[in-house]
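Below, chain A partners chain B and then partners chain C, in two separate complexes.
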Partner chain A sequence: MASRLALSKSTPLAHLRPRQRRTYASEIESTYTNPHADQQFIAGALDGSKSHAVQSATTSPAPTTPDPDQVLRDYEFSQHQKAVTSKIGSTLAPHYRPHELLSNPPSPKDITLELLLASQAHIGHSTSLWHPANAKYIFGVLAQTPSDPIHIISLDATAAYLRRAAKIVSGVTERGGLVLFVGSRGGQASTVVRAAGLAGGCHLFTKWIPGTITNGQQILGKCGKKVVDHRDEAVPGFEEQLIKSAAVKPDLVVCLNMLENYVLLHECALNNIPTIGILDTDCNPTWITYPIPANDDSLRSVQVIAGVLGRAGEEGQKKRKVNAARGRLPMRQDHGLEAPGEEGEGVGGLGKEMSALMAAERFGEDEVELEGRDVGGEVEEVDASLLEDGMEAEGVEVPYERDEGVDIRNWDTETGERMGRRSEQVGSAQRSARTGGSLGGGERSHVDPTWDGETGERYDEGGVKRR
Partner chain B sequence: MGRYNLAPQRVQSHATALLSAGRLATPPPWYPILSQIPPSAILSRPALQRSQRPGSKPSKKSRLFKPLRLNYEEDRLRWEYFNDHPWELAKPRVVLEDEGRDGEKYDWSVPLDHSLRRPKMGSLSEEGIELDQDWDRTAESQAGRPINGEAVVQRTNYLLKHSSGHTHATASAHALSEFARLRHYQETTLRVAREEAQSTGAFFGAGPNEVGMKLEDVQYENWRKWAGEQVEALRQLQGSAYTGNEAETLESTGEARAALQEVGGSVPGSKRGQEARGGAAIHA
Partner chain C sequence: MITRRLARPLSQSSSSAWVCPACIGSPFAPRQAAASILPQTRRQQPQQRRSIHHVPPLTYDATFQQDGIPNFISKYGYKIAWTEYQALMVQKLNELTAGEPYEHSLTKDLAIQFARDPMSASLFNHASMAHNNHYFFSTLSTHPSKLDNHPSLKQSLISTFGSIETLQMTMLDTASAMFGPGFVWLIWARDLDIVGTRRGGWRILTTYLAGTPYVEAGYRQQGIDTNTNNASSQSAYRGPISNNVGYMGQYTKANMDKAKLPPGGTNAQPVLCVNTWEHVWLRDYGISGKRAFLSDWWDTVDWGAVEQIAPKESKGPAQFIRY
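Up next, the complex of A and B:
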């Protein structure tokens, strides 16, 4: 007889189990009062509506505002009724429910060939429409009707490439990157919104406006931007810099229908942005960095793939937040913002409007209206924790939390870990990181990490300048 | 290459070059992960595609590196079955899969008319197994099988593979006989149920034949209206070519027509000859 391991309440993870409030029938039925108990009959009006219902011989005064306790009791009673009566009758075996792909999408560890097969991810297009460069992802030709044979995509290739893409998405979000999910076909809107929400990124389900990246200032100029710190809290003091700053570009783009979004993928290539795309048998594999050979015409397969990538982004976000709480911050961003300094520091070069604004702020007026600036639609975030602290004067009161920052030379690009807090001289080290082209200990860098490319000075390992 | 823009594959090396040149101060957030997991090779051809049937050479040399055609034995069986029973294609079939392992829950060793073969209560086999209980246990899992053309194909396949002694013809005949027996039973029960319901006052809506006839009637009426319009238009066209007054001719009036009928039979050169009615020949 095999012994069963019984989980008792004293197991280490018992506190993490979701608590369910048990609702007993007796306590509900004793407290429930039927609001229609005094009604003898409900008569309909002549036109068939029930608006002239007769309640009883003695008309009870209609309650103007519903009692909140009664509302809560009614709700609990209805939930109790559903829980008790919904399972009466035949038991349903676990089966496919379309809404679960959005409400509870699969994660990268749930990728199986059976799941992809059931989601019709293996069905390719007619053989006459294929792109020959996709030959290695194709399992074979299926000719159920001799006149119209189709290609069948190899599902082990799909699974392998999907896992790889999931690692990319989680790796990018772990380091504070912005992922853009794009799906412009019919029915993909909810998919794309859900995936972007999980990954903490942006979504697009309408046509990509050509030039959104290459001509970002024009097209996204009216969109609001904000600066956030490592805890994702907004940091004030950058408003005038943000007006002039460039439109934020995504760090990774996931495209669910490649054929229709050629312009988007081309702009990403021009701006050196890596892309992930669902590669059907008729798509061009050179348009994207990481293909996922799968069927892009079936909504179910698109939802599975986007769900998996969204979950991967969610895992990366979780890791980033844990690291941020521990003070382990990702690499700095090349955002070009300066720390908001004292009065007059930034006045040089600003127009009349900006100086008037700053004057107003100095007087402590609230809610100064900025003309011609709409804060709507996209909100772009920049990490304030990665600002250059070396620029500002000592002892200045700043509205954000200061952190010691990260010296790029000590950041190991291979493992993403800091190799040790060797640089004690924070200011000089950061200056070198800003101006030099130095990298971490990555094998693929062709640059001598001790050489400051711009100023031509040599730096010691400890960050001390030497000639 | 000429036509290909391989910039998406060179994102990492491009960023490295920018960093080394000092154009970029800091690596972008995707830099570390892309260096760990570089993009895979593209535009590479798969290996030589060999046919599934050993010994057969490819029909054309141009197909040497193309994906192979997938041949399944069930496809042949399906082709034969649906050629012999084309109206089975009209029966609706659910192709939605739950988790991809739907085929594993069907046991094709169980005959298709299993539901008609329940043993008598209390009967025992030679070993002492209660046959009706055994039947119940099988029916619990296998009664939900859809019995259609696909079931016939799968049953035939099972018989060919697992029971020695069956040829292709005998296996398909065996599976078809089971299927026909069950289908006959189902159709009879449906018919009897319909008759019973009608005898107690139920009525049904229009069946597919009646619906089809109604649709055809609607189309026929449309055609008739259209045809009438066409005839009218043609008449007007022909009439407009006639330049004379559209006065009533003698022929069109009733009395002239009656007069013509009287003399219609008398032809001067015929055997009977012209009737002697007196007077000159009548002109129109």
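Up next, the complex of A and C:
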């Protein structure tokens, strides 16, 4: 007994007596790990059902990557349920759904007077604000209040001009042209983006920077350019030439709000780029090439018109791709590019700055052609550089047949200029308007849908080739 | 009494211009004398509004109108139960939604949107009733296909109920036990309690009057007869009340993180239903013929149509819900 008591007092020396070692609670607590320590809570229902221990109610479960099969099953289930149950109950009459003008815009074949009327395309402005040149598009006057009568646009004119504009857009895109859709009013951004996406063109929904066309080398000089072939695949080897080449100009501009875009339309006219615009009763019809008399203040009517033109561009793109797959390429390809590796001397050693300066100079060369004209008088002398038949006098056949790759037959090695040269980046792009005696933004039809690709002969009486 | 939802004078919107005597003279239903400001011709002109909701076409509507549903409902009963009743529901729907922002909504969307709005109770009732009635008639056909012709569906049902006889007995007994009009549904429901699994199973659901089987409008499921239940049994039916503060309950981080519904998804698909409103079976089976009506219905169900409505995962391998 005494020995035990003695032992119990000498705790630090317990290790010397392993036979009578005692375990203390503190030791156990320090070494023991409760296997159920994580299970702090028992979740479940009040009646004890669904009870299972969870590690912690405050921590979120470990994020697991969703099983892709499960996601697919969920999607299929929800789609099936939506499809089955939405048709049950009653049949809804067809009605206007605003988002469908963007998700599924109408086609040129869907143009009806009922559609235009329902889209408020016939509503013009107050009669005191009208432009008298639009008189022929106006149906009459609506005076719901005697103090504020408005003009009503004639919808058969709207339909006819819209169909013509659709044909123009599809014709341009069929020949590989670049269409620019511009709409800078509120709510038109998604419209122009969608239309440009369908037509394979460009969009603009903010302010047009003045000089983007006339001073393009300055404003668009830093933009990337690429050369594509007839299959829309990028072609390498033109990087040096692209540095020197001028900024791209659109081949057709569709403007949804003419009144706010005078500068854009003027620049297009100066550069003979045809423009299509929605002509309200207070707009100036001389600003654009192809008017579409309609209401430009109603977003619904603007979306219908832009949707139709976008669909027309889509049809043209489809035709172009079909033709390209069959090897039928547009005839004229004035891209101003040389095959890589065959550049003239003195070009390879230029630095980037010099190349850019040369590009700027060449950009202004289009202006040189204009100066050659007799402004104000009739055009009798046509500048030699404008004549595509510069080589014809020598008996060289003009290459109207199919182009295979880069065509350098009409390369004038003496002057270093191409006949009718124009800087084009897109391989098979065609300019739809030409200089040569044209009044800016004139009435000439720039894109002739009856162009026969096979013979390719379009001659004026004066012997000047026309497109 | 007219429902409060109608904010327009009744004479303008409804072709049936009955107004209870207490309401005549109120702003909602002015007397004809007050409305005589309008020219006589205009007042007598019938409502020229183009209707948005129309009676949905049934595949076998023409045959049913001529010969009725074989071995089930005569052509007179069909006329009452579908042609006239669905037209009535659609007409009420048009009146209640005319000019409103939801006038182009589907009946299911209307039911879900207004399930918790007591001021729109009438709109919910008519939308849900139109939906449920069409569901009932969409599984009936002239030459119904037997369940044996759809083995995957049959096997799936047997896995849950043990046998088809059990399923039949359960559904028909449930329908018989319901006192008053309503629907009995066979539903495929997906169990979403446990994250990462979507185990689904068959369930049988009752909805009294115009209750809806959709979980999103669960407030108006009307699955029990409130007249025969007290507060505690009703709360048990509604489910346990979970604490909304603290570390347990639906507002904790853990539960908020748990997806309640799969992305863009839902968790219940009604597949089959029987309409136990008296006007459906009264003419052909008499006042005491509910049982006979139900057993005839079971023999007339077109299981081919049911199989088309049923989701793909319900016809796959057997799935169980374990509690």
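Going forward, the second predicted complex is superposed on the first by the 281 of 467 C-alpha atoms of A that agree within 3 Å, B and C clash if a C-alpha of one lies under 4 Å from a C-alpha of the other, contacts with A are read in each partner's own complex, and residues count from 1 in each chain.
Just so it is clear, a contact is a pair of C-beta atoms (placed from the backbone, for glycine too) under 8 Å apart; a residue touches a chain by one contact, two chains touch by 3 or more.
None of the values given here were measured: they were computed from a predicted structure.
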{"item": "Touched partner set for A:His95, first chain B, second chain C, both or neither", "value": "both"}
{"item": "Touched partner set for A:Arg326, first chain B, second chain C, both or neither", "value": "neither"}
{"item": "Touch count on chain A, higher of chain B and chain C", "value": "B"}
{"item": "First (chain B), second (chain C), both or neither touched by A:Asp67", "value": "second"}
{"item": "First (chain B), second (chain C), both or neither touched by A:Lys136", "value": "first"}
{"item": "Chain B versus chain C as contact partner of A:Val84, first or second or both or neither", "value": "second"}
{"item": "Partner chain(s) touched by A:Lys167 [first = chain B, second = chain C, both, neither]", "value": "first"}
{"item": "Chain B and chain C footprints on chain A, overlapping residues", "value": "95"}
{"item": "Sites on chain A touched by chain C in the complex", "value": "41, 43, 45-47, 49-50, 54, 57-61, 64, 67, 70-71, 73-78, 80-81, 84-93, 95, 97"}
{"item": "Chain B-facing residues of chain A, complex", "value": "94-96, 112-118, 133, 135-136, 138-144, 149, 151-152, 161, 164, 167-168, 171-172, 174-177, 251-252, 265-266, 268-270, 272-275, 285-291, 330-334, 408, 413-414, 416, 433-437, 439, 442, 444-447, 453-454"}
{"item": "Footprint of chain A on chain C - complex, ascending", "value": "50-57, 89-90, 93, 104, 106-108, 127, 130-131, 134-135, 138, 190, 193, 195-196, 198, 240-241, 247-248, 252-254, 257-258, 262-266, 269-270, 309, 311-313, 323"}
{"item": "Chain B residues touching chain A - in the complex, by the definition given at the top", "value": "4-9, 11-12, 14-16, 18-22, 24-37, 39-40, 42-46, 65-70, 75, 96-102"}
